[in-house]
Structure formats: structure tokens, C-alpha cells
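First the structure, which I've put down as C-alpha cells, then a few questions once you've had a look.
The letters A, B, C and D name the chains in turn, as written, and every chain counts its residues from 1.
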Amino acid sequence: MEHFAIWVAAFLTMGIISFLYKDNAWYKLSEAIFVGISAGYWFVTLFWDNIYGKFWVGRGDDAMLYIGAFLGLLMLMRLVPKVGWISRWPLAFIVGATAGFYLINYFSSNVMRQVEDTIMPLLGTDYSATTYDMIGNIVIAVGTFSGLVYFFFSKEHKGVFGGTAKVGIFFLMITFGASFGYTVMSRMSLLIGRLDFLFGDWLGMIK
Amino acid sequence: MSFHIAFLLLSVSLIVPSPSAQDEVADSVAVSDSALVVAAPPTSVIASEHEYDDGEALDLSWVPSIDDQLVGGLVIAYRVYRSTNGGELEMIEELIPGANQFTSGELSSDSSYSYVVAAVTTSGEFASNATAPLSPETEWLNYEKKWLFLIGLLIAGAVMYFIETARKGKKLFVRKIAGLEAIDDAVGRATEMGRSILFIPGIQDMDDVQTLAGLTILGRIAGTIAEYDTKLFMPVSRSLVMTAARETIKASFQTAGRPDKYSDDMVSYVTDEQFGYVAHVDGIMVREKPATVFLLGAFFAESLILAETGNSIGAIQIAGTARPAQLPFFIAACDFTLIGEELFAASAYLSNEPRALGSLKGQDVGKALAMIVIVIGVLAATIASAWQVESMQSIVDTLNSVFSTN
Amino acid sequence: MRRQIPLFITFFVGTLLILSVFIPPMETLGEDFTLFFDIIAVFAFFLGGGNLVRVHITKLIKRKPDWGFSVVTLVGFAFVLIVGLFKIGNPGDIASSVTAEGSWFQESFNYILNPLQSTMYALLAFFVASASYRAFRAKNREATILLVAAFVILLGRTPFGMALTSWIPESLSIFQIPNLAIWIMNSPNLAGQRAIMIGIGLGVVSMSLRLILGIERTYLGDDRA
Amino acid sequence: MNARMKEILVVAVLTVFCAIMYWGKVDGWMTGFQFSFGLSMTVVILIAVSLLVILYLTLRGKLIGRRVVFLYVGISVTLPFFMSLSQEIKISPEVQTLYEGIAELPPGSVVLTAFDYDPPSAPELQPMAESFFRYCFNNDLKVVVIGLWPQGPQQANIAIEKILLDEAIAAKNLQYGIDYVNLGFQTGNEFVIQRMGSDFKSMFPTDYTGTPYNDLPLVRNIKNFSNIDYGFNLSAGYPGTVEWVQVAVDRYGLKMGAGNTAVQAPQCYPYIRSGQLVGILGGMNGAAEFELMTGTVGKGTKFMLSQSFAHMIVIAFIIIGNVAYFRGGRKQKL
């Protein structure tokens, strides 16, 4: 059984890799299995965690749960064409809650917090700061400022304003280049993991 | 009864309440009297109201035992005991040596609580006096967050002010955004080529604000798609997104006067699982060869898999996400990328509706505010640290406390 | 009316959640919302899963191209639902965890789903290479900056990059590529990230307000439908 | 022979090869391959020469396609598995500070490890998990595991099981429930962290196996973050380090370090500067550096070579791409 299982795993692994060559039957088969199994897997997990886990095991007496269930049932009203429109209520509920929740969350951690962090002495907090630290601090302040200028919608990118926006774009490009370069490494790691499975765990070719 | 005796013992700082500890002490005493390790109990134990909560916590502070020393200290832990409404003492917490405060949570404002803190040595516990009974109070406003509230209100107010100004008919200028200008062309291109349009609203559910942004953009372009009579298909990875996307497209087709062209088949659910979904979308891309691909929403690692596959089939790709980690991949592999904020601005921009455009003006106020604060703050901090100017330091401290979020 | 009620719900719930942050007795509202959401999501799956089954059965009945693969999908879906919901092969009784070692559900995860997920993810290695090959070209000033930043970071992580500039004296060590890479990550990269983050924060504020105020409402469909 | 036949032939050859190797492995007559130093160098030179040929072809105006790039990536990752070459590892400051952060913990300290990743991210994060646990167990730190990703706790178990086989650690005879506990997964993302701030038990009434919280001696007295001496988060995305910092660190003052995939790591760098994080292990490099610092050799170090090779290949293709661009009179779009 164990032999069979590891061959299945290897078969599917290579099926996905074969997509790099071109779309083919092997890939289509792996894809079909992937979609079917994963959709089922997701539902089973949701069911045990959120329905069984919360209504039977967890906080079963909590009124909040039943409000949730009620909203869920309203959602299912879509299946009944006549009253399908009622499913917009839970949808409206979700959209309102998401909007309200994220408004504050993003505002506090993305705006307030980042502004606070940018407020720092350019020349370092004390005399131990090196030239590099100072340059770094200046770069951070200038970069954040000019980056914000780039995102300004109400003014055409012209003149001094346009020049600053240009600097902002440069900073964004450095950011993107740096994150991309940094990522290459991690992506390679994933492939290393898979090939280690094929050549090591499966075929036992790695000493 | 036993409680009263124990309490009496506690108040005169003798050894110990809890039965298990008592046993231990008895054992060690039995072995050798000289092994008894005596420590002074913690003093000045004070219980006070925990600020800005729902009446469910009290703060406790004390002066550690004088035998609690870093080197050669006798105290191995502190135990906090609580008595509810004058009831029996129960241990609720054990803290490391050196501890001098504790927040006692999960209380009710209907009850009163009294605390005892005991220093623990290898021989037993040496308890402090009990604190006076206290009930936690419910506060109705969290004053700690007043600045978050005020600045938030200021910016939200600016957004609403401009929405209102625009509604009254004042023309507001918003500069061109390259990625958004390209959207109409991209739809047109698919029509000319007689091929389809693929729209991916990210892989998150409706509880992610980026998915909402993707869907609002869909709402704008679905109208154009209806007018051009182009084929649209939209595999999604969440059931709720499927429902919402169908509503969105249906409404847009209706508004464009082509409700007959709408079909539920445009939107289909694939699987919630990230890579299962991606495997399917990749397959469908190379099979259907859409002329235009929209990737607008929350994306994770799959961003590049999708964008590179889309690139390999020669599709025009317009992408946008607010996940900074994924932006570089879209920049590298797509024709146009909406960077962070632009994703959220897109639907307003595309709608060309005055009120929506007004909201963009409003968020510029926020940016201007951030920029001003950064300039003032950085200058003040620099002057303060370089020349030790007190007044500048106080500006920095004020700004820091205003923008501090915790 | 059909449209007014949902708009009111959005407005009411949105405002409530914003205010809850400032009112201690309502602090847990955000948590309750996630709870609601999780539960609604399970119900909604009947719509999504139902759609999945419908699409593939249609394909099968109409004998559309590749209908055979639809059968595979349907069988896989049904298989996992059955072994997962009835806990087939689980050691112990029905009370054991669905993901218990040895259960069919867990085995199918280990030997089918996991290899598929990991491999799909690993394809990124290839795409990262092809994207760098194609996109990192010095076409204009912006692209050149992108290229240089990426190149320095890449080099900074290889022994070759270390060797290349190890001759630079310690006093100028910042110009050694690994140090330069770290500096780029910590300074200009940080600045760019911050600008993007602040922008996003404000963008979310503005869009959320449009949703709460009902200016964006396409997701609610049309009155006439 | 048409293309279809060729494809079938390749698949057939591959299948036979794999079958033979597998048989060899099971039967025990094939124990793996290792190139000698000379052969390793020859392979490296061959790859380099072939790249030069591609460069030459590009200069002549013959551009290569995606599949060639793919092929090179595959080769450059695979071949180093079999090579006997070694390389130097430089410790970066964020790894140093992370190490110092746990090194100063006295024995008996309680460490909370949050496993927020799933198997696809395991190649990067699993080596970190292993060396982190190894360090904790060797130094008598108590480990509490939780996960905000459904499969996180399983990854933790895999790592723990592996580490317990180490001779030195097996000798300590560590007890589940006393020396380490796996509280399992809980849905709710950052809200789980928030709830843990007031009460762990409310979020984790039982552990991974169903044992009630109060029956686990290690955690029985752990109320909230104030009882945790150090937090370590292994994260591959959301929810992850950002959420831990926002809630556990910012609101509850937990001292925390993180191990991130290389992609997530840049997002978390600001947190080191602001002092919200003690340190970060970024990607496989971070794992290898941490292994070096803690004096163990694991997969992180082993696969560094593959990674360096792959990097060199990417760099080579960026150069070739630019040559192609300038050669094409800057107009050609590829």
C-alpha cells in the first residue's frame, strides 16, 4: 500500500510538472483530480470545524451562532428563484462588516503606524549612528514622502511635483526589484523540496 | 470554614493556603527543619481598575518580596489568588520571579474581587495581605483611542466632504491613471480578436476588502463587455464570491440594456484550495486562450503562475493587488499593474461618477496629512536629537503619542 | 425596497463595526463577525459545490470535449466527501479527529493533495526564471532601476556575489554586495513599502466609505432582477 | 517518428528508469549517487559552457524560448543534490539577533511556536522548525505549539517526531504535556491571537489529541501571553507574522522572533527596525544560517548549494535577456 501511495504522489507530481512542456492529458488528469479532491477536502474541513466544531462541541449555546446560521440559510434562498433576492441581505451584511472592519484596521496599522514609524531623526538617535545609518534614514524619509506624492490623484505629474513623483516611482521600482530578487530564492526552495521528494524520498538516488 | 482559617493564616503572613502546597511543605518540614526556606511576602499589593475595557479586568501591582533577588534569590515564583464576592481563594496565575504586576481578566462587573499575592519558595508560600474588594467597571468609551478616532474622523470627513461637493456639481480634477485608461482598450481588443476575457477577483473570500475592490471594478467593466458582446468567463475560488460576482455582472448587463446576454455560466466555482484553483485556471488559460486577462484582488504566491501563463498565451494582462509582496510579479509579467491604492481607486475612477471621484480627492487629504506630519516630525526629530532642543522633542513626543496605535 | 434594505444593512453593520473599536463593551464585535462569516461560508458552499457538480455533470451528459476528466473530478469530489464526512478508516470511533493519522481522509491529503499543492507551488521556480529572463531588461530608466535592484539582491545571496566584492576594504564594507543587498532591503525598499502601505490604508478607507454609504452597490445586483 | 511518438518514448524511458531506481532502493542494491569532486567540477563547467553557447547564439540573433529556461532551472536544482562541493555561509544580523534572543532564555522558559504554514512552504520553513525545536529541546526550553493554518500543527508534529529521534534529545526522555504540547489549529486568524491575549484556554479547550487544556501540566498555568517568555512564528503568508506582531507584540508585548518564507520576509523587515520583532529567519538562507548558529546540519544547509546554482542560472539568463534586448536594436518584444 505504501508503495502504491508514493507512486501516486510521484505520478501526480510529474503530471503537474509536465505542464511546463505543454498542456497535455497527464496534466489534465492531475488537474481534474486536484479540483475534485481539494473542493471536497475544503468542505469537509469547513464542516467539521465550523458546523460540528461550533454547534456541537464548541460554543453551542451562543446566540451569535444562530444568527450566523440564519444568515447562512438566507444565503441558500438563492436556490429558490422567487425569493432569491433575499440572499442579498447576508451579502450586504458581509460587505458592510468587511468594509467597516477593514476601514479601521488598515487605517490604524497601515496609515497611523507607518507614519509614526517614519518620524525619526535623520542623523540617528545618538552619536553612535554611522554614515550609512544616516543615509539610510534620509533615504527612508525621502522615499516615503516621494512615494506618497506618486500616489496623489488630484494633481497632474508636472513640474516640481512631477519630479518628486518620478523619484517616488524610482523608489517603488527599487522596492519591486528588491522583493522580486529576494523571492527568487524562496521559489527555488520550493522546487528543491519537490525534487528532493522525487529523487530522494521516492527514488532514493540522493546519498 | 477552612477558608476562614486559611485566610487568617494568610493575613498574618504565615505559611499557606492551598492543600497541595501544604502537603509539600509538610513533607519538606518532615525531612529536615533546617531546610525550611522562608521569604518575605510581597507588599503593597494594590488592585485597581483596568482602563478602557468592558468591565472584565482589574490591574494588580505589588512590590516584590525583598528575598526576590536576581542572585541567590529565594523566591521561585509568585502565585496570585483571587476571591470572588468574599468566597474561597483560588489560584489564578503563577508568575516568574521579579514580576510585580498582573492583569486579572474574565471578570464580571457584577462581582467584587479581592486578591492575595504569595511569594513561593521551595518550602511553601508566603502570602501578602488581601486587597480590598473591588468590582471592575465598564467604560463606554476607549479614550486611549481618541486620536485614532479623531484623525480617522478627519480623513473620513474629508472623503465625505468631497463626495458631497462633487454631488453638488463641482467639477473635481483627477489625473489619468495609466492602468485604468488601458482597461477599455483591453476589452475592445478581445472583441476585435473575437476571443474571450478572463476575470480573476483574487483568491480570497468576500471578507477581504481587496475582493470587494475587484468586484466593484468588475461591475464597471461588465457594462462595457455587455455592450461589445464579448465572451466573459470567471472561474472563482469562493462560493460567496461566485454569488456576488453573478449579481454584479447581471446588474451591469441589465444597466447596459443587454440582460439577455447574461448567463450564470459566466461565473463558476472551482475549489477553495489555492493551488487547485490555480491548476484549473492555468489549464483553462492555455485551452481557451483569452485575449484579455484581469487579475484584480487579493493574490498570494499564485500571482506569478497566473501572470506568466497569461503572458505565454499572449494575452493583454491588467493586474492589481494590495499585497505588496505580489506586486513585483505583476509588474514583471503584466502589461498594466494597479499598485495598491490604485486598485481601490479604480472603480471610482472608471465610474466617472462625481461622488466616487470626490472620494478619491478625500483620500488625497489623508496623503497630504501624512506627508505634512512626516516632514514636520522628521525635521523636529532631527533638530531635537542633533541640537538637543527641548521644544522640538516635545513636538516629536506629541506626534508619536497621537499616531501611536497601541 | 428590495434594494433599500440591503443598502441599509451594509450601512448599519459597517458603521457599527467602525464604532465598536472605540466602545469597550462592543469590542468583540469584530470576532463575532468572523464567526458569522465562517458559518455563512459553509452554507454558501452548497451553492459553490452545487455549481461545481452541475458544471461537470453537464459536461459529461453533453459529451463535451474532455468530459472524461469531469468524471474524474466528480469521483474525486464524492470520494473525499464520503471518507471525510463519514470518517472512513479513522482509528477509533466517529469522535476522533477527521485528520487523524491513518484515516482515509488524511491519507488522501498526504498522498494526493499535498504532492499536487506543493508541485503547483514549485512551478513558481520555473516561472520566476522565465519572468526574470523576459522582464528584467534595461528598456528605460524605471526598468533599469528594477533590474539593478533585483540583480544586487540576487547576487547578494550567492557565494559568487560575495566573492565578487570581497576585496573591498572593511571601511567601505557597505559596498560589498551582500551588505549592499541588506541596505537596499532595509532602506529604499522599506521606504517604497511604506508609501505603498500608507496609500493602501487610505484607499481602503475611501473605498469602504463608498461601500458603506452605498455609492458602490453593483454587488447588490439590480432592482429589476 | 512524429512528435507524439517521441513524447510517448520519453515517458516510457522515464518510467522504466524510475522503476529500476525504485526497485534498487527497495531491494537495497542502489543507495544513491554522489559525484566525485572532479566529476562535479566537470558538470559545472559543462553547464557554464552551454550557457556561453546560448549567449553566443543570442548574439547571433537566435533567441531561446521559455522551455530552455525551464530546462536549465530543473538541471541546476537537481544536479547539486549529487555534488560534493561546499560553500561558505555568512550570518546576517537579523539571524544573529534572533539567535541571541533565544540564547538568553533560561532553561525552563516557555516558548510559544505558531505554525502558520502548510506543506507547500515546508521546504523553507520545515528546516527552521526542526533546528528551532532541536535548539529548544537541547536547552531545556518548554515548547507550546499552536497553528493558525489548518495544517500547521501537523507540520510541527512532523518536525518534533524527527527531532525526538536525535540521540541527545532521545536521552532526555522528553514527555508530551510536560516538555512540549501541541494545542492544534484554531480558526479565526488574528482573532485567535487576540483571544489568546486574554485567555489561551478559551481558544484551545483541548490539545491536538483532544486532551483537555487543564490536564496538560505544561500549559495548565499558562493564562495568556504574559506567561510566555518567547514567541516564534513560522509564517508563509496570512495569517502570519504581520498579524502576530500587530496583536501579540503590539497589544500584549510578547517578545517575538519569526521565520518567514523569503517572500514574506521583506514585509517584516520594518518590524525589526522598529523593535517589534527580535529577529527574522528569511527563506532557506535564514534556515541555513540558523543551523550554523545552533551548530546543527539539516536540510537548510544541504540545499543551499542547489539554491546558489539556481540563482546563478537566473542571473545568467537575466544577462542573456539583456544581451538579446540590446542585440535586437531595443525594439524587439519577447
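To be clear about the criterion, a residue touches a chain if its C-beta (ideal position, glycine included) is under 8 Å from a C-beta of that chain, and two chains touch if they have at least 3 such contacts.
As the structure is a computational prediction, the values presented were derived from the model and not from experiment.
Common neighbours of subunit A and subunit B under the contact definition above: C, D.
Summarising the inter-chain contacts, the pair of chains with the most C-beta pairs in contact is A-C. Comparing mean CA positions across the assembly, the chain most remote from subunit C is D. For the pair subunit A and subunit C, the distance between mean C-alpha positions equals 3 Å. Subunit C and subunit D have CA centres that are 19 Å apart.
Distance between chain centres (mean CA atoms), subunit A to subunit D: 18 Å. Contacts with at least two other chains are made by residues 66, 70, 73-74, 77, 120-122, 187, 263, 266-267, 270, 273, 285, 310-311, 314 of subunit D.
Across the assembly, subunit C contributes residues 21, 30, 34-35, 37-38, 40-41, 44-47, 49, 52, 113-114, 116-118, 120-130, 132, 134, 136, 146-147, 150-151, 154, 157, 185-186, 189-190, 193-194, 196-200, 202, 204-205, 207-209, 211, 219-221, 225 that each touch 2 or more other chains. Contacts with at least two other chains are made by residues 148, 152, 155-156, 206-207, 209, 212, 240, 243-244, 247, 270-273, 275-276, 279, 301, 324-325, 327, 329, 331-332, 339-342, 345, 360, 363, 366-367, 370, 405 of subunit B.
In terms of which chains touch, the assembly is arranged so that all chains touch all other chains. Considering their complex, residues 7, 18, 21-22, 24-26, 30-34, 67, 70, 73-74, 77-78, 81-82, 120-124, 150, 187, 205, 246, 261-263, 265-266, 270, 273-274, 282-285, 299, 303, 306-307, 310-311, 314 of subunit D touch subunit A. On subunit B, the positions that touch subunit D within their shared complex are 57, 92-96, 102-103, 105-106, 275, 300-301, 312, 324-325, 405-406. In the complex of the two chains, the subunit C residues touching subunit B come out as 21-25, 27, 34, 37, 40-41, 44-49, 51-52, 55, 113, 116-117, 120-121, 123-124, 127-128, 130-132, 134-136, 146, 193, 196-200, 202-211, 213, 215-216, 218-222, 224-225.
Chain contact summary for the complex, subunit C toward subunit D: residues 30-31, 34-35, 38, 97, 99, 114, 117-118, 120-122, 125-126, 128-130, 132-134, 136-139, 147, 150-151, 154-155, 157-160, 162, 178, 182, 185-186, 189-190, 193-194. Interface residues of subunit C, counted against subunit A in their complex, comprise 2, 5-7, 9-18, 21, 30, 32-33, 35-47, 49-50, 52, 66, 69-70, 72-81, 84-85, 98, 105, 107-129, 132, 141-143, 145-154, 157, 174, 183-202, 204-205, 207-209, 211-212, 219-221, 225.
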